[in-house]
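First comes the structure, then the notes that go with it.
Here the chain labels run A, B, C and D in written order, and each chain numbers its own residues starting at 1.
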């Protein structure tokens, strides 16, 4: 396992990391989640990504139970604040919810601090000053060691840095966008000016595009699959034309490439994300330990993705 | 119930909120205050306004007892510092009283923090630097999430923002002025430059002008009424010519408008406040639960206040 | 008792206040100190001045025992840091001693914070940045509400303000110099530019010039008197020519003025200090309760010091 | 024992101090370490230097046990953060390791704060902003009173000061370099511009060049000696040509000087360090109490190092 710096900053995360979305306190009970974390730890994973929203806080509670058996400094633990409850002040990035959400997350996680605290989405209803002042306060008071953003536009991230500079606040160090063979725009184009200018790191999610890149939706969407269960994700993909015949045709060609390399399409997809040096860590979810064991082998596939293979993949995708 | 942002800031308050002045620990005992808070909560109210001065701290103590039965993040709780005791350092906005007052208020409220902390009046005896530095310290140390002012002049609020900008302090976000059909000057004229410039919100009190707009003083001031008991308020109104025959004549005309809309004069008056988009929340006091139930219906009256009706009201008031 | 603002700032102190130097844990045991504080409190005194150096910390310890019986906000309590022990890092104004000294003082005083924390002397061995950064940290972390200096030169105070302004630190608000009929230079000339510019307040000590102005040294220095016991003070006075025949001649003339006003020379001397509007509080020591009761009557004498009497006094002193 | 200021700053350290490297929890068990600290204390030593890396934290744990018997303000205790463990985030100067390392060190030391916290080496992988912001936070939150660097280049120290100035952070006050008769470059040339400009102090280690200047390696390196056991140090010296015949020839001449002064070569070497007024403290290690008692006599030798003797030494070294 390779450890990468989060952008230019001092924090180091394993190139593959463990997500808890959908799985923790949902598809995985405490016993299996424990085993999964153990497996990940033994494989060299040091970063686990969580959020107050995941399983309505139960993902954090489960993670908290598990982390008690580990040394704190061995882990990089993140959580994200945005959707904390149904009340008018229980969502978004107001100072009230950022602080109340963070306090509640840390209680559930049974931790004194998280390593990374993400603003889970942008919140145009809150002035950037309020957000940056509050995140700065959270970092300076030791509740989080670093802060970042998730799915913010380049313009919003730029604005956060300007406010931080103006008011002598600690700036965000990392973005958490979706990034995979089918969704590349933001990471490869929109964020381009930010990497050098601010040393921004990336922890990316959905390397398999919610399973599409595992090939399991090529022949329709099973009701009990992730896409079958989460209408919001399905719609988001449909609007972007991701769930189209055109995509499935490409997937078949990519499958051929995978076959030639002797790996699964999923492994190929994950390895492809790892090839981007801007990516600090690729977050893997797993509803079964076997699935995780399978996908983590993408590290070995990475070596096989020569310049030629990468070109071949680009050609398939741009057809 | 509509939830409005406090100016441009991230905090959201119900358009109607619950005041504790005069009523808590005075006209209302613990049992009835509990029922009133329950009623307000069920009606969608999320903001309760208090002050160290109300019932000499007993309003806070009563509120503290009641809040124990609720989830903290469901509420926006405010208190105000200015009149904390009779000693030379127990009033005003000195660093000593601001801090000692806040510590004492939080103890009585049994809370770790209030959402809003108001400077209950301006204090020309204390340099603005001392006030702003101290409020900034209170916010940054987590004793309050936001701070505001009450009955400050536009010039004083402007000065607070300039000092905050100069010393990199967190500025006030909200003013709490009196605002009703009979007292409009400050909100509609004096504060005008501040709304856009600083995104200032308003929580307004006395929507019924201490009962005058309920019509109950049209035929004199009963001894056991609010105006009968509080000489200070009565005098303030008399000096401004509010308790005049001219006013009572207007009230009779407004009563006709209310009759046409099928509501009480009180409901009309509260609804009229809500029509001003600068107002974040209108604070209602109530010495009886029935009165609160009656007045909260102003929300429905709001819809009936068409442009024509508003013009009609303005004409009556300007006669 | 009149309460005066400390310079332009929000804190208010009684014009006469209680010093603990020489007396607490020395000439006064706990029982008598308790009675003295009670007497002072009943007379309207709200400010007690202490220092880590007084009786090697025992003055603070005694004061701490006594204050337990009072409400905290009724008092303005000060202490001063400079001479904390014999070790190389137990004196002066280094960050190490300022913090360690303050922590130790608060423990002895059994308080969470003092109202005023003085730098008991200037310390040219420590950069002004180190002093101001540390005092700012002490105030912002709530260990003291305000800070000040004692026997600093105008130039040093000026420098502290410039550093505070440059690094966005909270500046000192008060100086504690010696001030009496025989020692006037600093207060009346040297500090002149500071009062308006920085709103500096003054708490002054030695209104009786260590007893000289009580007239008790006119015929020599008894061994068991303050001047008899403290060689340092005696020498300081001798060097300035205070203990001279010329002084004693003036004292006799001042005694005549006192006789005409129907008061003691001590009362006249204290009242004279109170006439200076720059003085926020005159600190009185007392080894006996009777002495305190006697001297506090200076407040009444103040009224008798008309412009004519003040001129008369000035003439006597300038002869 | 002379006490020297750390550069221009307020902290004072004994000119000779006690190092714990190699010895504590290694060559010395708790009983002997206790005796050594007692001896040092009685000799006037007030500064003990430690690091999280020494004996993998056990040096700190041992020191913590010993310090319980002393008054905190009598000591200047330092530790250093850089090598805290084998995990990817357990070394270097990232915010994560600086904070986690400091928290862990303070726990082992059973202290609330250290006086000096050193960045044990430069870390070019971490932006200087991250390092300075974090050290500033550690000082302002009271975990350390001052911070410094160890073996940083002049350029890196310069950069730290510029960042501190720009972001209103507390700057480093001290460097801890190697300094002895054989390694002089950094202290005497490279750091030259920093002393006046930033008032930088020096606590220097290896006054005997890991024993070379005791003369014990003149006839080869015994296996159980420091150089025999620590390959890293041996190599570092070999690369710089320190372990050469040329050196040993010089040592013999220096021995003659020592003989003339009636002291050991080790005492001469330590005394020579003390002659440099830039040096705040020379850190002595000792695996035996007798060795410490011997070396601390260097203080007396210091007087004998007249200008003539110093010139003589310089001539020998520059041959």
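Note that in this section a contact is a pair of C-beta atoms (placed from the backbone, for glycine too) under 8 Å apart; a residue touches a chain by one contact, two chains touch by 3 or more.
In UniProt terms, the chains line up like this: A, B, C, D = Aldo/keto reductase.
Since this is a predicted model, take the numbers as computed values, not measurements.
Touch-path distance (fewest steps) from subunit B (Aldo/keto reductase) to subunit D (Aldo/keto reductase) is 2. Chains making contact with subunit B (Aldo/keto reductase) as well as with subunit C (Aldo/keto reductase): none in this assembly. When each chain is reduced to the average of its Cα atoms, D sits farthest from subunit B (Aldo/keto reductase). At the interface between subunit C (Aldo/keto reductase) and subunit D (Aldo/keto reductase), under half of the residue numbers involved are used by both copies, so each side presents largely different positions. For the pair subunit A (Aldo/keto reductase) and subunit C (Aldo/keto reductase), the distance between C-alpha centroids works out to 62 Å.
Subunit A (Aldo/keto reductase) and subunit B (Aldo/keto reductase) have CA centres that are 44 Å apart.
Counting partners per residue, subunit B (Aldo/keto reductase) has 168 as the residues that reach two or more other chains.
Contacts between chains close into a ring here, every chain touching precisely two others. Touching chain pairs in this entry, ordered by label, are A-B, A-D, B-C, C-D. Residues of subunit B (Aldo/keto reductase) that touch subunit C (Aldo/keto reductase) in their complex: 84-85, 87-90, 92-97, 99-100, 104, 123, 125-127, 130-131, 133, 137, 141, 167-168. Those residues of subunit C (Aldo/keto reductase) that touch subunit B (Aldo/keto reductase) in the shared complex are 3, 5, 8-12, 14, 46, 72-74, 76, 115, 140, 142, 145-146, 168, 170, 199.
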